[in-house]
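Labels run A, B, C and D following the written order; every chain starts at residue 1.
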Amino acid sequence: MVPLAWYLILSAILFCLGVLGFLIKRNIITIFMSIELMLNAVNLTFVAFANYWNQHAVAVSDKIVPLSGQVFVFFVMVVAAAEAAVGLAIIIAVFRTRETLNVDRVNLLKL
Amino acid sequence: MTDTLHLWVIPLLPLAGAAINGLFGRRFNNAVVSAVALLSTAASFAYALWAITQALHMGLPYNRSVATWITAGSFSAPFGFYLDQLSIVMVLVVTGVGFLIHVYSVGYMAHEGGFYRFFAYLNLFMFFMLTLVLANNYLLMFVGWEGVGLASYLLIGFFFLKDSAADSGKKAFIVNRIGDFAFLIGMFLLIKHFGTLNFDGVFKAVSGMPVEAGWGLLTIIALCLMVGATGKSAQVPLYVWLPDAMEGPTPVSALIHAATMVTAGIYMIARSNAIFSRSPHALEVVAIIGCITAIFAATMGMAQTDIKRVLAYSTVSQLGYMFLACGVAAYSAGIFHLMTHAFFKALLFLGAGSVIHALGGEQDMRRMGGLWKKIPWTHAVMLTATLAIAGIPPFAGFFSKDEILGQVFSSPHGSKVLWVIGVITAGLTSFYMFRLYFMTFHGELRLGKVDIGEEAHATTAPAHAGHGAAAHSHGHGDDPAHGHGGVHESPWVMLGPLVVLAIGSIVAGWVGIPAFMHGSNNFGQFLAPVIKSGAPTSPTAMEHVSEAAGQPREEQPENPGEEWALASTSVVVALIGLLIAWYLYKKRPELPARITARMHGIYLTVLHKYYIDEGYGLLFVKPLLALSTVVFWRGVDQGIIDGLVNGAGSASKGIGGELRRMQSGNIRSYAAWVALGGAAVIAYMIWMGVGK
Amino acid sequence: MVHEILFVIFGLICVAGAVNLLVQRHPINSALSLVVVMASLALIYLLLGAEFVAAIQVIVYAGAIMVLFVFVIMLLNAGVEERSTGSKVALLLGIPGVIVLGCLVGWIMISNNQRLGGIRINTADFGDTHNIARLLFQNFLLPFEITSVLILIAIMGAVVLGRRSS
Amino acid sequence: MDITTFVIVAVIKVVVVVFILLTGVAYTTLLERKLVARIQNRWGPTRVGPFGLLQPLADGIKFILKEDMVPDSVHKALYIAAPMLALAMSLISIAIIPFGPSITVGGTTTALQITGVVHANGGLSDINIGLLIILGATSIGVYGVALAGWSSNSKYSLLGSLRASAQMISYELALGLSLVGVLLLSGTLSLRQIVDAQGQAPWWGWLPHWYIFPQCVAFFIYLMAAYAETNRIPFDLPEAETELVAGYHTEYSAMKFAMFFMAEYMNMITVACLATLLFFGGWRGPIPHSAPAIVQSLLPVFWFALKVFFFMFLYIWIRGTLPRFRYDQLMAFGWKFLLPLAIVNIIVTSFIVAWRA
């Protein structure tokens, strides 16, 4: 019987670490990974709440579709995949022109 | 008959004319322009006639709101039009005389530049004036009030290339502002205390109030309105703009600065008679101001040598008469004089214009003389008008002026002193008018012979130069008989209106033949409802009613002998003035020079209009100028306002420069801002108690 | 009891992996630590009884997306990241902001711990693939189709971007 | 049964399975060498033991005794971790495979599957997403190859690993999609239930109810994809000796190399098991009811092993006969042929299923 709060706190910690990574990492690929980390943290929240509502749905409201949280995780993953595809393509394109992966050197707001 | 007669058509027709001429007139030739202007004015005159007949059938007053203009809380000001006896008179005068002057202008302005502009302005003036007299609330009236001020400004500065003209326009505008300021305050007081500006509402509210013994609310309001009226109607101390207004083309002087606009103040006071009748003090002030203005302007008129300025001062003086009439609660008499004055003063101006036209732009009377053979028609009509204004029976001026003097003498508001001054003024009036007449039409033509003394320049130089320029712009054209070379009669397009006006200035007075002459003061009867409706109902003021209403005598028996005495007195005085003028300027033309030499100081003082302008300059203009320069221009405008504007500019520039750093293109910085924002949002939500 | 212990273990692994992601200076190490995070997250999903999600977490995230990352790192032969200080804002404002954010959220959770209650694992039908499939292809059919279109667009975009501009 | 016996039984099962698996791997290598030799008209290993039967043992000893050298300028941790990862993943997937229904030894009944459980009522069940776990394991296995190539910091290795992982990812799609047809028919992800689904009455009374028959296209796709997944000829470009010395394990030697080797062969066995389970009815086969209980419970394992062996044989046979693809041909084959074919197969199958339902 794990408290829901634990899952949420874990998710919050992961999310904050992701943001932190975004802030302190210079390598654009690593920053991209930090984004993925944040997405995962959110997924954890989704699943946790899905299970939570699945157990407490009646108590709260009958409007809630208990499993929808997992479906949202599914969507998040799809979006993450698309994002990874495009983002990495962009990174490659940038690397071709700038010859660097350091975001501090890629600040001209153009390719 | 239709139950709604679309009164808004009356002012809108001239507006349409003004729009057409103003917007497209540049491409039209003069014929089209004048056609548009005349048609629009004539149409509004005709429609006004039809509407008035309808209204008379339907019963007065006719009051109809066309649309809502302003609605703020409980206060609302509609586009409403109001037609009662008073506005009927005004509308007829404005449209009628206005139309005649339009016709005259076609001939007079034929050779001027900016023909279309002139008529556009003139139609615009008609629009605003009609709005003024037809409005059913003070606010709409004020719109017309300001509008005619605007039109007058535009028309005085019509020859805007001349500094003197432009300055005169500005002077008129600014001096009027002072009056309008007071008018506004009066309106604010009305709103504050009666919550409305509609005539009905205000007068209904006022009619419940007793006559004020002391200086009460009504007195304050009345005084404010009165100051506004002094501005518009050129009364002491705000009359100074009117003489300079003569810079404008003569028809403008005739229409705006003699016949119609300057009488707006009188109209306003008569319209507000309900308020004035309840505040004796205000009435006293009005009467005194009118009286002073009358004699003051008359004396000044005596010394002027510029023909138009003489007429200007006489206008001021006559307006003083009207004020005096209103001041003794003889509103109908005032309006009566207003109407007759509209006729003969317009006639005088147009005649003077005709003379100037004939002499190719000469305005100085000392260069004229002996014109009666050369321009007989003009001479005839000018003589008629002069007799009328001098108050010689049976011309129009006699009846109205006699009515006023009679009222001043007998009205409880009036007094003998005022009456005496009025009579003296009548004498002076007749003197300077006949002086003008003799100097212009008798003796031999002194055109170009007399060199004008430097003191004369003080007054006539601008006007002379002024119209001189205009004259030269049209003077020597295709026609060799034109200009200085040959004095010639004006074309019929100008003479026609003169004749009509002449007839008017003979018969206009007959509508008000008082009872003791076995007439029945029809005019007074006609206006009675308006006056009576506004008259005080409290028993203490009951006896004023008949007086205020200007009722014929049968209501309160008075001995016709006294009436006869009064009338004859004024006539005699007028004749005396006539004789003096004849002796000085016809019999012994050299005398005046000696007299002026004898009493040189006084003469100069009068010639320079008692140095009023200079006094104002010293008292108000220079300090204001200094104040504006130092405080408002250097301090407020350059310091605060420009400071604010430039400060805003530089501030936004600086802020932008700072914020630009945020757009570093460094995604980590962006992420930092986002994180910060997220933290702020979460903190705010917690603070708001979300999740508690 | 076992449930809590497992959760704590995997949670700690998650956090450790995430921290390692930040600490490591070579992107490939970060990538692998992220894989670790994802794998342990999958296990936490199993603890939540969402086995299907756990499986696709492993297959899609760890197996596909992260492989893509590793690919790119290999392809670009990304070296150790240089410690350039391009953004002071990130250090001066961002990091405190993040810390505040985390503290606030954590505080909310802890303060509401009792009200939220707990999660048992004995939910038979919870992670069942049939239910999820039913939900996905009935209730959420339209979003599902839209995501497929999104994927298509993403593929095309990736192709266009990846092609050498010659 | 109580927890202790459960643990004991589990441990026993793991040990047995791993032992059998490793042995199988070892002898698969021998089989390969022998068969290829025969195909190429050679003898193959004959010296070590009778018919060279001890050859695998010798190889193992050689691998163990060889010096385990780690070149300079490799990314040490990953260089060491990569082969372990590869091996571990292939081992994990074995844990999901069911070999037979259940066996009763000394009163304790247990499923012939590491992750299978026997309910009190004698019913059997295993992980309900077993197939997904196998796919996940294989997809994680890609890391082993990729990291091996990258960490050994050599161009051959890098290119080989790039090829390998690209190829694996590409063919994973085809693999997964080819399984979808079977899943549609069986309606479950549990391997055991899939096998049970194939236990229904034969078609027309004589044709066994195996999914190979309705899903022959899917089977073909699966076979191709499986070969590519396991980097076998004709898809063994990652270790194409003629181009890149030995692909991603160029720099590996001794036991690490052996790990890759074993991982590869385990993957072969795993995909062979999967093929058996998904398309060939798993352990189904004629079982005489007159036979004793132990035989009855072990006969399914025999059938299972037989089918798996058939697949292994097929592997080696193809290796002995077919040439190697060119890389672009490989990718084109995977993306432009197998993938669309799998999708078409899925559509058709789903229509049929919907029509039947």
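We adopt the following convention: a contact is a pair of C-beta atoms (placed from the backbone, for glycine too) under 8 Å apart; a residue touches a chain by one contact, two chains touch by 3 or more.
Quantities reported herein were computed from a predicted structural model and do not represent experimental measurements.
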Chain labels contacting chain C and also chain D: none
Central chain (distance from its CA mean to the mean of all protein CA atoms): A
Of all the other chains, whose mean CA position lies farthest from chain B? D
CA centroid of chain B to CA centroid of chain D, Å: 111
CA centroids of chain A and chain D: separation to the nearest Å works out as 34
For chain B versus chain C, what separation do you get between their C-alpha means, in angstrom? 86
Could you put a whole-Å number on the gap between the CA centroids of chain A and chain C? 5
Spell out, as numbers or ranges, the residues of chain B touching 2 or more other chains. 664, 666, 668, 671-672, 675
Taking each residue of chain C in turn, which ones touch at least two of the other chains? 52, 56, 64, 71, 73, 75, 86-87, 90, 94-95, 98, 101, 105, 112
I'd like to see which chains touch which, written out pair by pair. A-B, A-C, B-C, C-D
List of chain C residues in touch with chain B within their complex: 86-87, 89-90, 93-95, 97-98, 100-101, 104-105, 108, 112
Applying the document's contact rule, which stretches of chain C touch chain A when the two form their complex? 3-4, 7, 11, 14-15, 18-19, 21-22, 27, 30-31, 34, 37-38, 41, 44-45, 47-50, 52-53, 56-57, 60-61, 64-66, 68-69, 71-73, 75-76, 78, 81-87, 90-91, 94-95, 98-99, 101-102, 105-106, 109-110, 112-113, 116-120, 123, 126-127, 131-132, 135-136, 139-140, 143-144, 147, 150-151, 153-155, 157-162, 164
Note which residues of chain A are touching chain B in the complex, please. 19, 22-24, 26, 31, 103-104, 107-109
Would you pull the chain D residues touching chain C in the complex into a rising list? 75, 78, 127-129, 132-133, 135-136, 139-140, 142-143, 146-147, 149-150, 158, 161-162, 165-166, 169, 172, 189
Would you mind writing out the residues of chain A in touch with chain C in their complex? 1-10, 12-14, 16-21, 23-27, 29-30, 32-34, 36-37, 40, 43-44, 47-48, 50-52, 54-56, 65-68, 70-71, 73-75, 77-86, 88-93, 95-96, 101-105, 107
